[in-house]
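For clarity, chains are labelled A, B, C and D in written order, and residue numbers in each chain start from 1.
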Amino acid sequence: MRLKQELYEIIFEADTPKGKAFDVILLITILISILLVLLESVPSINAEYRGLLRILEWVITLVFTLEYLLRIFIVKRPFKYVFSFYGIIDLLAVLPTYLSLVFVGSHSLVVIRAIRLLRVFRIFKLNRYTVAGNNLSRALWASREKIFVFLFFIINLVIIVGTLMYLIEGPENSFVSIPSSIYWAIVTMTTVGYGDISPQTPLGQLLASVVMIAGYAIIAVPTGIVTAEMIRTPDKTNTQVCSQCLHDKHDNDAVFCKKCGTPLNGTHQS
Amino acid sequence: MRLKQELYEIIFEADTPKGKAFDVILLITILISILLVLLESVPSINAEYRGLLRILEWVITLVFTLEYLLRIFIVKRPFKYVFSFYGIIDLLAVLPTYLSLVFVGSHSLVVIRAIRLLRVFRIFKLNRYTVAGNNLSRALWASREKIFVFLFFIINLVIIVGTLMYLIEGPENSFVSIPSSIYWAIVTMTTVGYGDISPQTPLGQLLASVVMIAGYAIIAVPTGIVTAEMIRTPDKTNTQVCSQCLHDKHDNDAVFCKKCGTPLNGTHQS
Amino acid sequence: MRLKQELYEIIFEADTPKGKAFDVILLITILISILLVLLESVPSINAEYRGLLRILEWVITLVFTLEYLLRIFIVKRPFKYVFSFYGIIDLLAVLPTYLSLVFVGSHSLVVIRAIRLLRVFRIFKLNRYTVAGNNLSRALWASREKIFVFLFFIINLVIIVGTLMYLIEGPENSFVSIPSSIYWAIVTMTTVGYGDISPQTPLGQLLASVVMIAGYAIIAVPTGIVTAEMIRTPDKTNTQVCSQCLHDKHDNDAVFCKKCGTPLNGTHQS
Amino acid sequence: MRLKQELYEIIFEADTPKGKAFDVILLITILISILLVLLESVPSINAEYRGLLRILEWVITLVFTLEYLLRIFIVKRPFKYVFSFYGIIDLLAVLPTYLSLVFVGSHSLVVIRAIRLLRVFRIFKLNRYTVAGNNLSRALWASREKIFVFLFFIINLVIIVGTLMYLIEGPENSFVSIPSSIYWAIVTMTTVGYGDISPQTPLGQLLASVVMIAGYAIIAVPTGIVTAEMIRTPDKTNTQVCSQCLHDKHDNDAVFCKKCGTPLNGTHQS
């Protein structure tokens, strides 16, 4: 029991020196594993080091699998962990390698591991980056309705503009269908502008000009929404995680989990 | 009479469970009808599933026609509805399909059916998203004068820049005329940057650089305008529609329509 | 004398119905004259309607000449007007057409007529849009120092990045010289992205990625500057112009010009 | 000693007329030296004016060398200066030219001279623009945590999106490896959009559309962060530099250096 509690603090938290060390090692391992996937996809590198890359990939997968099983063993309510956000990500981080035994192409899906990098925030748990992140996402969350309305409006606009451009330019000027015209409208409205499709007729260029200037002005809207939300003062939060229910938004002076009453770090001090 | 009032609330409003259900179903139908228009324009899909697409198209057209007639029957002042914005949209949503029976060559006209998308905005009256939308459009409306001045300034700028680039680069570097140079100026100033026209001479590239950096800084202006407007606190609004004059901007405590005095939902409660 | 004063109010101010009407007509004439310049530059249109375009051009030039002479006659201090900003613009608006009679080759010079567009700004003194425009430019003027520092920083950055890319990519990957690499850096940093020059080596693409993400974040700076300035409350201004010294920034309750003491509109009421 | 103190104020500070004059001359010299580096890299100019450019280059190098030695002689603690940031920049500004005498092939190294541009920042200590610059950088520094979290999020997103696109489009559509797909994701997300790589399959275009709209909305985040920070009122700062420890952030009423206690400009007044 003693061991389990100590392991819990090392693996799930980052308040003790050992906990930090564990997280830092985990972080580095994740970065290496992502680098492996990237390198493997480069034809010239894959041709030369295929064997080495495969071995390293399996070593890392086994380490991650071990860590996953350990997490299940340590947590007080394993099911809750398994179906939590990080539980699912942790599983997805190892699954593709095993699946690649069955399905040959599914290997590079392993990149989902990149999401595990989010644990960086857990490591920075100790410090203000988590707070900054929480404040950011709180501002975005508070403005979700306006952003949703905005996106809905944009989608409507690109469908209408795309259809108009299909009528004006037509398949002979590489606007081959309405969906591909909508794709062009999105590329233009968001000011990306690949140039693979671009209007050729004067009328098409006129409409495109209007769309571009509109897109240029429209970008003010999400910016205004988010900025207005951010100006309202943000709050500090805390980096502790409850060992019972995995709730991770505790106040700085919290001693017990506000969701299930479990002492936070309590067993550690006694 | 009882039935007519109940139908009115279901079809025109969204405050009762039935009204919400109707709107959700209508939303899905509209989205499907838009999808049909999109798919029909893709040559490969149209070649293979032409028959199926035509049948589905007719089913949806009949449903929309029924709904249109029902709306005319239910509303207290049908003429007002027929010539209102949404009344015309509702008619245009079904007309092209019928016309394609009479005029064989009018097939390309069928694309006008994409106008059905505008019907989505009527349904979008559903819930708190309306409030967010109203608040957004109020902020934009309040800053309309500044945005107008800004757009006027941008249009002046692109005409002057376009003319200068025509003089500098000339037709030999694909700046074939002043209008197409203005088109280039818009593409550049808005940071879209297709690359179909780009300056070749050193002087042209210097001017283009100035335009790009200017455009990069100028985008701060609409953003500043809208943000400053959004910071001023917004208000809540309501989703009721008057059965008499179709006015749809009522306060939350409104019992009678402020435009024509008709009781709002009043007949429902008595 | 009576006539002169009345004409002054019609031509130079916009507070009376006649003054407004004059400005609207002038605005339309200017827009037509600009349209003529644009159309004349399109090869196909010029080939077909050359005669008509030339006639219209001369009609407009004569109207503008008449207006120019009238302005000189009306203003109390003609020399001040002739050498003022708008006086020079008004002259440049008609000069190129006359010059094209004397110097045959000076036809391309006729494009300078596009400068007539600047005259629009004088008319734009019409109504509340002026107030919006003044408030906008006041906010921009107040943030000029920060914007200057920002632009200076951007210029430094693109020179350094451009030089680095020239070293990394070199002339063999179309980064032919440092100036053209700087041009690429500006195209990239401002998110325009023509694609006429783009990095080919892995190291070049890595640096380009850093530059792009930096440019994406840097755009927040001018936006922040301008927005912060705009949130501070703006002031109303007035559209009267002094007949004596042409000063045009008077308070709403001003009866005399604060620069030279001349009564504003005073002769009008007596 | 008197001379040394006077020279110190001229060269290191910008509070006296002579000090300002020195800075302006230095600024112009630096700009000319940068222009030389730029021009030398243009093949056609280098071919024709090689001799003249070389002579000017040596003149400027000698002037900068003299200035560098003078700075060492004047400063109270020369070693501290030599190993300070600007001390190293000042050395690197002259070293490449001398090295090109010894190592013949090191000509391309001469491009490092562009580092002289960084010297501009030292001079930029001139006037109220410093205050604006300090206020700007203070706002950015205050929001560094949120910007860091934001960049971390963006990097995660482009890795995942890049991998997905590699799986969807694959090497046959120019998404040759995951790193180059990530490069594409950055080019798209930041709305640069070169168009050298662009999705060809419908699914790829759909994902690209989502990425573009996301990138369009995401740009609101850094803007919001910086704007919110800038709205908090900024402070004035001062342009004095301590002759002892080179600390340069003193309050306006400071008489002694707050880092080492040395009087600021004190010897000047006595």
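Here is the rule we use: a contact is a pair of C-beta atoms (placed from the backbone, for glycine too) under 8 Å apart; a residue touches a chain by one contact, two chains touch by 3 or more.
Just so we're on the same page, UniProt names per chain: A, B, C, D = Voltage-gated potassium channel.
Source: prediction; values computed, not measured.
Over half of the residue-numbered contact pairs at B-C are shared with one candidate from A-C, B-D or C-D, namely C-D.
Interface of subunit C with subunit D: the two copies contact each other largely through different residue positions, with under half of all numbers used appearing on both sides.
Centre-to-centre spacing of subunit B and subunit D amounts to 45 Å, using the average Cα coordinate of each chain.
Mean C-alpha position of subunit A lies 32 Å from that of subunit B. Residue positions of subunit C touching 2 or more other chains, listed in rising order: 150, 179, 182, 191-195, 219, 223, 225, 227, 231. Those residues of subunit C whose C-beta lies close enough to touch subunit D in the complex are 145-146, 148-150, 152-153, 156, 159-160, 163, 166-167, 171, 176-179, 182, 188, 191-195, 198, 202, 205, 208-209, 212-213, 215-217, 219-221, 223-225, 227-228, 231. Those residues of subunit D whose C-beta lies close enough to touch subunit C in the complex are 34, 37-38, 41-43, 108, 111, 114, 117-118, 120-121, 124, 128-129, 131-133, 135-136, 139-140, 147, 150-151, 154, 179-180, 182-183, 186-187, 189-196, 219, 222-223, 225-227, 229-231. Residues 191-195, 223, 227 of subunit D touch subunit B in their complex.
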